[in-house]
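The structure follows.
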Amino acid sequence: MKLVQAVIRPFKLEEIKEALEEVGIVGMTVSEVKGLGRQKGHKEIYRGAEYEVDFVPMTKIEIVVPDRDVDRVLETILRAGLTGNIGDGKVFVLDVEEAIRIRTGERGEHAV
Amino acid sequence: MTRPRPRLRASRSAAGRGAPAPEHAALRGRRAGTPATERPAPGGPARGPGAALRRAALAGALLTSLPPAAAAQELSSGDTAWVLTCTALVLLMTAPGLALFYGGLVRRKNVLGTLMQSFVTLALVSVQWTLIGYTLAFAPGGPFVGSLEWIGLAGVGAAPNADYAPTIPHQAFASFQAMFAVITPALIAGAFAERMRFPAFLAFVLLWSTLVYDPLAHMVWGLGGFLRERGALDFAGGTVVHVSSGVAALAAALVIGRRHGYGHEPMQPHSLPLTVLGAGLLWFGWFGFNAGSALGAGGVAANALLTTNTAAAAAALAWMIAEWIGRGRPTLLGAASGAVAGLVAITPACGYVGVSAALAIGAVAGLLCAWAVSAKTRLGYDDALDAFGIHGVGGTWGALATGIFASTAVNPAGADGLLRGGAGLLRAQLEAVAFTWIFAFLLTFAILKVLDRVLGLRVPPEHEQEGLDVTQHSESAYAP
Amino acid sequence: MTRPRPRLRASRSAAGRGAPAPEHAALRGRRAGTPATERPAPGGPARGPGAALRRAALAGALLTSLPPAAAAQELSSGDTAWVLTCTALVLLMTAPGLALFYGGLVRRKNVLGTLMQSFVTLALVSVQWTLIGYTLAFAPGGPFVGSLEWIGLAGVGAAPNADYAPTIPHQAFASFQAMFAVITPALIAGAFAERMRFPAFLAFVLLWSTLVYDPLAHMVWGLGGFLRERGALDFAGGTVVHVSSGVAALAAALVIGRRHGYGHEPMQPHSLPLTVLGAGLLWFGWFGFNAGSALGAGGVAANALLTTNTAAAAAALAWMIAEWIGRGRPTLLGAASGAVAGLVAITPACGYVGVSAALAIGAVAGLLCAWAVSAKTRLGYDDALDAFGIHGVGGTWGALATGIFASTAVNPAGADGLLRGGAGLLRAQLEAVAFTWIFAFLLTFAILKVLDRVLGLRVPPEHEQEGLDVTQHSESAYAP
Amino acid sequence: MTRPRPRLRASRSAAGRGAPAPEHAALRGRRAGTPATERPAPGGPARGPGAALRRAALAGALLTSLPPAAAAQELSSGDTAWVLTCTALVLLMTAPGLALFYGGLVRRKNVLGTLMQSFVTLALVSVQWTLIGYTLAFAPGGPFVGSLEWIGLAGVGAAPNADYAPTIPHQAFASFQAMFAVITPALIAGAFAERMRFPAFLAFVLLWSTLVYDPLAHMVWGLGGFLRERGALDFAGGTVVHVSSGVAALAAALVIGRRHGYGHEPMQPHSLPLTVLGAGLLWFGWFGFNAGSALGAGGVAANALLTTNTAAAAAALAWMIAEWIGRGRPTLLGAASGAVAGLVAITPACGYVGVSAALAIGAVAGLLCAWAVSAKTRLGYDDALDAFGIHGVGGTWGALATGIFASTAVNPAGADGLLRGGAGLLRAQLEAVAFTWIFAFLLTFAILKVLDRVLGLRVPPEHEQEGLDVTQHSESAYAP
Amino acid sequence: MKLVQAVIRPFKLEEIKEALEEVGIVGMTVSEVKGLGRQKGHKEIYRGAEYEVDFVPMTKIEIVVPDRDVDRVLETILRAGLTGNIGDGKVFVLDVEEAIRIRTGERGEHAV
Amino acid sequence: MKLVQAVIRPFKLEEIKEALEEVGIVGMTVSEVKGLGRQKGHKEIYRGAEYEVDFVPMTKIEIVVPDRDVDRVLETILRAGLTGNIGDGKVFVLDVEEAIRIRTGERGEHAV
């Protein structure tokens, strides 16, 4: 199994979620993160003090899938997450050694 | 003030101060030479053209024969205390009341942009009002707009203006009215929330106040205003404030178009506690708005406060129950929105109707606005925070309801509505509402179209995506 | 009103308006034919059965010989301004004041459910009050409940009701009292926070208001109410509002049981800034609650405001210091809770005691309630937001303290407490408190038991886990 | 009160109640034997040493020949209603107004510590005031401090004190003033936010109130106070409240030093909605602060309210525009800060200047304070929440502006400023400001240095890192 | 070393934490996430507009342990995190190549 | 490629970010977490009820870098994140099998 970890634009979450559902991928875990990269942040001003806020609000998706589904997931995210502008985000793939469903104790691909 | 026309505060003396003993009323009747059916202030125009002037003249003639000391004694510290208090209450309605009510409903990235719209309107219109707004609205003038006699508040001092509020300093009246001028354009902002450019917003508020609100206030409340002369009743601003801003909101929603992602992306309120706090402050402040419009602390004010509270309560329950039945759940946002709808609807009526009418007006307002707000989705325009659905619809209902439920038994300075056989009043109310719809819609539409050309109304899509806070104001609402 | 019994506003004239010159008081004394020791309004029952009626009759007899104009002049715009203002202030106490005070203390998943309880109580009881509540509480009636004479506020108009508040419109009095009826059941909600079904809550509020609050208000404040006749003092609702709601909260906590996870899962307040905001609004609104209960703007009101502020301050410090010593840290929640405890305790006393008594009452209230709230954990019931620990305990202490510290030197319309040799008053206070404990506890217990059968009081465990906001109202308090 | 020196409320009668008919004024003029140019209350010291006493004596002499009933009739329920209302409004300024204004500006870990500073100041100074503060400030005494005659508010009862406020209960005046004593030290807390030990804070507030505020209030407003005698005008506390707290804040920022990480770590406001809510409540409450300082509900109060609102609005716009031009963006925090700066600056002037002066005073205040707040970064001290930049700078400008714009045409009880040929007033204002700067700076510096030795002013660096909420109060502002 | 990453019900955190402490596992890093899976979300209504909120609030625990402790950790989480209803969550195991304690620079198993 | 995942003290974020920029590392993803370890939490008191709050607010940084940059990143974090007191945090290194830039579809080292 693989962990597909994507950092995407927050407003793309709904679209990606639906696109994944269409290709049969439902489970995922999502968190709010801040990203730093090529995309420029913005300036903030508080009583004349200027702050460069480099961090951009992003959303992180984590999906664990059997190896055979990885490509499908990647394709879908790349398609649905695209705007073409700097800051669309990244997808990383990591190896997962084991997965367990807490409710049943099922292990491996059955767990996800 | 060049033409002093002192006028007896007959209505408040009779109706507003509790029912005096018959002899007492008669005495006053004799003194004034006119039946005690006149309300000297906003909300109580004379019925029939010229009546106000005739009576004013009469009263003036009689008054001049009284010793001046007696006239001066009319200034009442109790009434002044009440109106100054109400001025503060209505200030609170705009900021932080409305600011938070709206601010809680938008997404986290647009909080400050939304709060700013209320806050800067308070600042901008306060200044505009002292310079030009008050004179356009209230100075003696033509049927459509006031003269420039009181420009920069020249001549508006501690002495009361007997035409508008004979027992409080003229400055108190002008200050109280300032807060009405402030909140009206701020209400409209609900329609174009989350997508308007700030420079365009500033220009809009300035133009709208000067071209729409001030003239309309003059027509309905100002000396010589033409709607005032046609007999429509508007106790505390149902037409001037709520119909006008609600209809303007509809025009604005149509001109500016839907928010990016509307219907697709989730757009839940980012903080309902803020919205409920705002609703609570609005309810609180509305006591000042409505009961303060009696311009004195007597029976009319007490009646207005009681009907205001009752209508708000009934509307909150009605909306909540409607949602419970229709959607399966009673929501807090529904209850809070219902309360505001009820407050809107009772505004023109509060000083002219009794408590059972208030229950009816409130309950219908809750149902009607709940329905209007749902209907929006089907009609396809994006009145983001339902300024039209609540203020336009609720205000229109309230103005017509005044024509149905008003009763001279409650306030002799009012008139009798349909239920008491007075079809004339309902017709007058219809006229006033229709005029206001057309006037506000067309002018708002025109102003916005021009501004769109000249300044651009809407932020670019990337900025809408990123949010108004960062792109328009270089600030974030929340930080670690 | 069928039996007009005008009564001179003697107490407020003498004590309330500052100390008049002797001649002036004498003049009034002569006019009224009765010593200036009577307080015409809630909080100032006559001592000894029949006294009120006797004196009222006397005053009435004398008054009828005065010209009606003089009687009508008693209506005071200053008093009316003050009572209308206070009505708004007490409204603010419930929503958003109490709503936020409680809303900040619950977990994030129950915020809206908690805010809703305050908000909907405002709406529901406002309507109930106009229909049936006011007449049950205040219409002339038997010793336990009012008649239906004023049903739907029939006959409650602009004219003052001389029995209750002779210088303000009757509607102002009814509106002011409405806000007391509103806040009382809302306070109880603190006990069963985070786990009650919304339909059961609505039914509870309706039944409790009608069966507990309205009769109790009648017994203590209403014409002919039996506690009123027995000489207990309750200036602004220590017994009627705080003891009754606090004891009802205890019954409710016992009936509904502990929250799931109580004692195991962390249950920290989700937003203390909201709670502190609520506490600040409560303190602010309490000036209206207490000083407004003078029903006029004079010396008694000023004294009440001063003692109210002083007791709140002393109690905030006392609780904070108690925690500092006992737990090693002075907390903001402690200071805020202490302020509320002090406000509760001074409520029955504020118009009858001086500023040093207020310091003592407040300080003891802070210590006592801090202790009561800690003791809860040991006793094992889950009064989630300490409605009993603060309102029940603080209210009981305040009622007894009134029997200790009251002084006719402060308010001739009051009585002398233990410290000035009047053991009788303390006994009367004890009686009133004991009666209220029993009455409120038993009825609340019964109402809840019945509702549990009929409707079900508690949400299912999964819903408690998920939170009231989503399960009861299909809303979330906060979103991105 | 041992030496009753009743004084006619001439100024408010003439200017405050609207322009009376000439005969009326003349009548009063004759009764008092003194021209109607005197303001009996804070903000209206007599010009020229001894004048107040002379006139008071005169008035007293004349008054004693009137029947006492007439004197007693001076107590006005309208004025009392207004001052009690304003007392509540000023309470609201400190908590939750200022608490939230400051609380929103700090980092999430210091929210409660910051709210606590305002809240506990309210509690502590309320108690201090009843015990010792009021008598030190207002009891008849020497040129620098009051006597102990009114210790524990002995002798402060329902009867009005004719020297300060002849138409309201003395307790109302004392309560109103209590709220000024409360807010002043709370303002200073902005300077040392996010790093002060709580015990040191408590001690500081107690010492500062007793050693700085009370004497200063006496010097400017108290009977016999030496600045009062020198002719400076301070309508509502520009010097006593804002210059003193602002300068104290500067001293405090210098003594306590910069926050850890200042200039490196990000220190954005954690919740601007709270700050804007606080600013809105401050604006609202300031109507009570300024217009309440008329101590009655008449023309002076109305003028003060109008100028207050106007200056706040102008300053909000000015700061916003300055930032727009200078930094490229109009910010909400700028607009809100500007409003507060305008409110500060108009405070000493509001009852003496007209609406166009208010526009000027406000606009300059906005620009000046925006500049001062930016300059701070360059000067290197860390006045964390800009208590000096706004209250010190704005207050100083306001006091001087009063010397420029004051006009006897607006308030005959005031004086004529530079623009109307009165250089003397500006000199008096300069003197008063200079004295206040030196007095407040030196004493604050000394108090803090001593406290640093005795108790330690600053939390250890780890605690500063972890935040005040957890380390000082064992609480967290927000939880899941 | 392994990274045990568990997505659990928020109210189970305290129980799991204590259960782990009992078996000698103390260090962990916790974050709030939203989960999508078989567990149904809920409906929200705002002024008549209905939203399907599919995401469920969950809590993510990350624990890095020496290989030999992995089973103990898994067992404990499976036991303490169980309610038996849909939505109890998952546990994933990933390989960790290196671990360092910032304070001391210690590496490997000593670091965790 | 490797995923360097560091749990650090929140107030060190700015310093570490700048230090990384100096050595040419710009991209990262950051989230707020709560940590449990040797560092003691604190007590909280609400109306007399005492809570032991064991969790400490921490910040998690995730950086994906080519293998050759790992050491540079580790060194920098160790240096800039150090205070020397208990609770400075940990750094973990995991293997990343694939990285993709959503905007361009670039894969591997070019993506980060």
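Which chain is which? They are A, B, C, D, E and F, in the order written, and residues in each are numbered from 1.
Please note the rule applied: a contact is a pair of C-beta atoms (placed from the backbone, for glycine too) under 8 Å apart; a residue touches a chain by one contact, two chains touch by 3 or more.
Nothing here was measured: the structure is a model prediction, and the numbers come from that model.
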{"item": "Any chain that touches chain F and chain C", "value": "D, E"}
{"item": "Between C-E and B-E, the pair with more C-beta contacts", "value": "B-E"}
{"item": "Centroid spacing, where centroids are CA-atom means, of chain A and chain B in whole angstrom", "value": "49"}
{"item": "Whole-Å gap between the CA centroids of chain B and chain F", "value": "54"}
{"item": "Interchain centroid distance [CA atoms averaged], chain C/chain D, Å", "value": "33"}
{"item": "Junction residues of chain D - those touching two or more other chains", "value": "76-79, 81-82, 85, 266, 268-269, 271, 277, 327, 329, 331, 333, 474-476, 480"}
{"item": "Chain E: positions in contact with at least two other chains", "value": "31-32, 44-46, 53, 94-95"}
{"item": "All touching chain pairs, where touch follows the definition stated at the start", "value": "A-B, A-D, A-E, A-F, B-C, B-D, B-E, C-D, C-E, C-F, D-F, E-F"}
{"item": "Touch list for chain E against partner chain F, complex", "value": "3, 17, 26-31, 64, 94-103, 105, 111-112"}
{"item": "Chain B residues touching chain D - in the complex, by the definition given at the top", "value": "67-69, 71-72, 75-82, 84-85, 87-88, 91-92, 95-97, 99-100, 103, 111-112, 115-116, 119-120, 122-124, 126-127, 130, 152-153, 157-160, 168-172, 174-175, 178, 198, 271, 274, 277, 472-480"}
{"item": "Complex interface listing, chain F residues touching chain C", "value": "44-51, 53"}
{"item": "Chain B - residues contacting chain C, complex", "value": "15-24, 27, 76-79, 81-82, 85, 89, 107-108, 266, 268-273, 276-277, 279-281, 283-284, 287-288, 291, 296-303, 305-306, 309-310, 312-314, 316-317, 320, 327-333, 335-336, 339, 355-356, 359"}
{"item": "Parts of chain E lying in touch with chain A, wherever the complex brings them together", "value": "2, 6-8, 31-38, 54-55, 58, 60, 74, 77-78, 81-95"}
